[in-house]
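The two complexes that follow have chain A in common; it is paired with chain B in the first and with chain C in the second.
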Partner chain A sequence: MTNQNDNKKHHRDIFIVWALLTVIGVLVGLYATPWLMPKSASHTMSMGILTMVIFTVAAAPVAALVYAVCLYALTIWRHRGEGVPADGPAIRGNGPATVLWLVGSTVLTLFLLIWGLGLLGSDQSAGAKASIEAANGGSAEITVDVTAQQWLWSFSYPGTHVKSLDLYLPVNKDVEFNVTSKDVVHGFWIVQMGIKVNANPGVITTTSVTPDKIGTYTIRCTEICGLDHAFMMTKVHVVSEADFQKWLASQPTRI
Partner chain B sequence: MTTTLEHLTPVGADPAGGGLHRRLNFFTALIFGGLSAFIAWALSHHFLNSDGSGFSDQVTVLASIGWVLGFELGIGALTPIGRWIIGKDQVRDDELYLAGKNMGVRRHWKYCTDHKVVGVQYIVVTAILLGAGGILAMGIRTNLMTPGLHFVNQQVYNSFLSVHGMVMILALIVAVAGPWANFVVPIMVGARDMAFPRLNALSLWTLVAAIPLLLGSLAIGGLDMGWVTQAPISEQTGVGFDLFAMAIVTFTISTTVAGINTICTVMTMRTKGMNLERLPIFVWASVVAAALGLYAFPFFLVVMSLNLADRMVGTSFFVASQGGTGWLQENLFWLMGHPEVYVILIPAVGALMEITTVFARKPLFSYRTALGSMVSLAGLSALVWAHHMFTTGWAPSLGGPFMVTTEMISIPTGLMFLVILGTLWRGNIWMRLPMYWVFGFLFNFIIGGVTGIYLSDIPVDNQMHGTMFVVAHFHYVFVGSVLFGAIGALCFWYPKVTGRFLDERLGKLSFWLVFVGVQVTFLSMFVSGLRGMSRRYSSYEMIFEHTNLISTMGAYTIMAGMLVLLGAVITSWTGGEPSGPNPWKSKTLEWLVPTPVPLENFEVLPVITSDPYTYGEAQ
Partner chain C sequence: MSRSKTIGVALSSVLLGAGVLSLMGFGLASAQPHQPALTATPTGTRGHVALTISVYPDSQIGGNRGTGGAHPDWVSYSNDNLVVPANSVVDMTVKQYDTGGELNNSVFGNVFGTVGNTMNVNGKEVSSWDPTSIGHTFTLRGISGDGTRLMVSVPIPFDTNKGAENNGGGVEIAPMIVKFSFKTGGKGVYQWNCEFPCGGSRQGQFGEAMSTYGYMSGTLTVK
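Right, the complex of A and B next:
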């Protein structure tokens, strides 16, 4: 009977430690994650940040359980004294505990999967979805051809004469990027908009986004592409529609 | 298997055989390898068309092949088969000489078939690889200490990056399976040696032959392709790449031979009563990892060979302008690359489970769950490779399915946690040195695992792929988890190898340095990634200044911890506190034989009546 009482006490104590650690983990997820990430400039990015928050919150109880049992083992179950400790109880498994663990982790995984797949399928977000649409003939309001080469980006706007080394985009317009490379593989990433696709030589890949905040943002290369990989970056200027048209008109015919 | 070489010779007598082997050792191997490489270089220089494209690649590859073959010849790997062909097969005394009977320390420099010698040789090789990779890591982190430091120039930096990645991957592939699947697995199953002792020596010395190629590629330099050898940059980069790729080709031969040997040993050499459900869990971990390696590493061989063919002879497997595609390279690479993560991880987890039962004084919690989690991880890991390619643009419609398989990985991974936590549950936790690494592993692997789930989610991966966040994630898995498992295994089995304890005080000091170092380095690296720093940057802007400086300080701390550990390993080898044959009072067979373990391990082969996890049960 002492065994059962012991077990109850262990369960209660571990539950308290677990609850405390879970609260800490949830708080970290809710506040630290969005604070550490760049300020979002698109719905895609906002949903990405929200997903990070949700995943951290969902992971908090799991991590807290592992840490609670570890803390308990390190303090209460620790053998104090010299020499080899006596044998512990011969527990060769516990069917209900294993099933509970399996069901719990499966439910959690399913939840994350459904959330992720739902997000992937929703039309407001996710670059990969956009690539499928584009392959079937996309319906974006603006198209930009992106060309990568060692070690710069250049942008041209089909239907206009404009070519530029900085990217200009009108706010709240659905933009599709057709991305390719002149030499090796580069990675096209708009840091504050949560979209990324590789620039491959000989192939056009696509991604799309709707910028929702006027401002200046950063494009970086994410695939190692030689000596100046670290310096292969440029600016994105998200401007109002009127300013965008003004900018287009002000561009020289050749650069 | 019941006959023993040992008992056929008078005790203490040196074997009279050996023949040619008496003259061959590591140094003759170096000389033969060097000569042979030079001859291959000179011949190919003379006969190949020096105006043709790919000439320097052809010469480099042929010289590398010359090196490997010469090295094998010089170490004596080909002597037994040569004797067999000319009809002068090895006799018993020759085999005894090969097994290093009464030879002393000298046998470690030779083509020795004793599995325990091979195990010790693997410890040394792992230490050399970790040391080389660690020095490169320090170079990388020093360069990134402040923005625009240029401690080394960009060309050297990229070479450091590429070789650091590959050296560390090779180091971790062999870090647990190399020393311990060789040293302890045969004893654990009650065998006198591996199933193929000569192949065992072959796998070790083939690995040794690969190391100068890999480190030599660094000397030639200009490696701009990263460890993933992405095409087409890997087709254009300098001749150092030819050595780099030949090192991998050589390495895959080594691991294939080793994997076959491990599987055959466990399947055919078990002693009486050692049925499959009585195998210690580490034996299963070694077998599952070896089998997974046999699936994965052929892709490694193929992707490197196709790349070399493109460079040497003008094929165009990965050249887009000539009908090839870089996506083929990426697919082949990750078909290897993801299973390889589990080839690395599973033996480490198996060793940690073994340690946990001994130091919690409890049976393994749910043996079948442990086995099931390993097997299902191995199976699933073959079906997730394209999650490394979510943002490449290849087959967007496969994103969803690969997201499903990838997230399913978290279920068997969770079961591994359940097994270790369940084993700790209500145990009498004996906090000796090996146990520190178990708790360190549990702490770090949760962080590495959870951040992996973020990355498996495509909308998040679209943001995080190719950033320092990914680098921090897999370093939590490789350094925080696998390396902790490898060091835990070393601390655990060290008394069996040397008859002495690894210095507990220095060992704990090194644990705390490495543990704190890992948190400092990689937590702040997560922040660099979250804030938008791409990986493989040789320099960065001011916004990443603080997190990078902190990462660099953490990296130095890890290095300090590893140096303390190295010091402890060296000094305790001859000066440590004597341990006796079974200091941890474990029940697996390797602890029940004398220390030092005699040649052929067992006087009389044991008969097994239960599994080794009978803690707290009536005997």
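Right, the complex of A and C next:
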């Protein structure tokens, strides 16, 4: 009877610790995660941030249970005497715990899988739409050829005379990037827009995004590419359509 | 082992680890570039300063402190540690003694970010150069801590006669003289390098001299 009472007390205490840690985890997921991530400048990035928030919140009770049991074991169940204590009795065949663990893990994993695939599918749809519009010469489409080389990005705008070492984009337009490299593998990452693809020598990799906020953002290289990899970054200027056209017109003709 | 001894060993381990990491960090920081600073000098025109550097086919002639450094056969700029004042116009001269060839990215045959987007080559004002006749480029880029962006790229044409030859420390032929000006913004340390594939070894010829401080890359400190 005493053991049963002790067990109930332990279960209750662990439950309280788990509940507290879960609340902390959920709050971290809801508030710290979006604060720690770059501010969004595209729908793709917004969905990325939302995904991180949801995944963190979904993971909070699982992580909290692990931490709660660990903390409880390290404090309450800690052996304080000299020598090695005798092993406790083995626990076998706890049906409810096994079922709860399997069902919980399966539901969570399926949720993450379905959410991830849904998001990936919608993103690819946007990319496919951008590519089709570009092929049809759609006026709302911008195509930018991106070339990486140690340790700089260069950009050209097919159909125009513009070649630049700065990237300018119009707001709320589908943009398709054709990314390649002249030397080694680089990584083309527009931080605040949530897109990242490798720039491979001899290969053109396509990605797309629709910037939805006017501002200045950052491109970084994400593949360690040599001496000045850490400095291989540049700015992306997202401007209004009128300002974008003005910028195009102001660019000198380059070879 | 007593508790106090355990704590002592744990603390000593942490301190030892921190010490090793500090030494490694200090060593890496000390191994950074550079040669002695080449500081821009006032030109007499208000707000303007001047810098002159050279680029050699062989670092024994004048690059890498004129000593050749660890790799005397590598192509080299004369200085890799340039210092200029903030919010000024830098009138830069590059003396080019090397031969060259074709850029692997023709966009670097254009002049970017200089005053007027032009450069002066042996007295002739141009905004680009044939990308098949480039010796090197001076390509300066970076974003400082306060967000100031500096982006300058100038193709340095190659001498159509021949490159310099090492005749015991001297230079035989007249160099190509490339002049351009650019404006500095806020304080910061910016990186520059050559974008002509002159490094050898790795894919794209961007290894060796291109990937080692003191030869075809360096810093520009704005202060």
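One rule holds for everything that comes next: the second predicted complex is superposed on the first by the 228 of 255 C-alpha atoms of A that agree within 3 Å, B and C clash if a C-alpha of one lies under 4 Å from a C-alpha of the other, contacts with A are read in each partner's own complex, and residues count from 1 in each chain.
Rule of thumb we're sticking to: contacts are C-beta pairs under 8 Å (C-beta built on N, C-alpha and C of every residue); 3 or more make two chains touch, one makes a residue touch a chain.
From a predicted model like this one, the values you see are computed outputs, not experimental measurements.
With chain A as the common reference, the superposed partners chain B and chain C clash. In the overlay built on the shared chain, the residue A:163 is in contact with chain C alone; chain B does not reach it.
Contact with chain C, but none with chain B, is seen for A:252 once the two complexes are overlaid on the shared chain.
In the superposition on chain A, A:117 contacts chain B only, with no contact to chain C. After overlaying the two complexes on the shared chain, residue contacts for A:228 are found with chain B and with chain C alike.
By the document's definition of touching, of the two partners only chain C reaches A:151; chain B does not. Touch criterion met: A:205 reaches chain B, while chain C stays clear of it.
Set against each other, chain B and chain C differ in how many residues of chain A they touch, and the higher count belongs to B. In the superposition on chain A, no contact is made by A:142 with either chain B or chain C. By the touch criterion defined above, A:184 lies against chain B and chain C together after alignment on the C-alpha atoms of chain A. Residues 183-184, 201, 226-228, 231 of chain A contact both chain B in one complex and chain C in the other. Taken in their complex, chain A has these residues touching chain B: 6-7, 10, 33, 36-38, 44-45, 47-48, 51-52, 55-56, 59, 62-63, 66-67, 69-70, 73-74, 77-79, 84-94, 97-98, 101-102, 105-106, 109, 112-113, 115-117, 119-120, 125-129, 131-132, 135, 179, 183-185, 187, 189, 191-192, 194-198, 200-203, 205-207, 218, 220-231.
Listing the residues of chain A that touch chain C in their complex gives 147, 149-152, 154, 156, 163-166, 182-184, 201, 226-228, 231, 233-235, 252, 254-255. By the touch criterion given at the top, residues 104-110, 112-113, 117, 127-128, 130-131, 139, 141-143, 149, 151, 153, 191, 193, 195, 197, 202-206, 210-213, 217 of chain C touch chain A in their complex. Taken together, the chain B residues at the contact with chain A in this complex read 154-155, 158, 161, 224-226, 230-233, 236, 320-321, 325-327, 360-369, 390-393, 396-397, 399-400, 403-404, 407-408, 410-411, 414-415, 417-418, 421-422, 424-431, 439, 442-443, 446-447, 450, 453-454, 456-460, 462-463, 465-467, 527, 530-532, 534-540, 584-585, 613-617.
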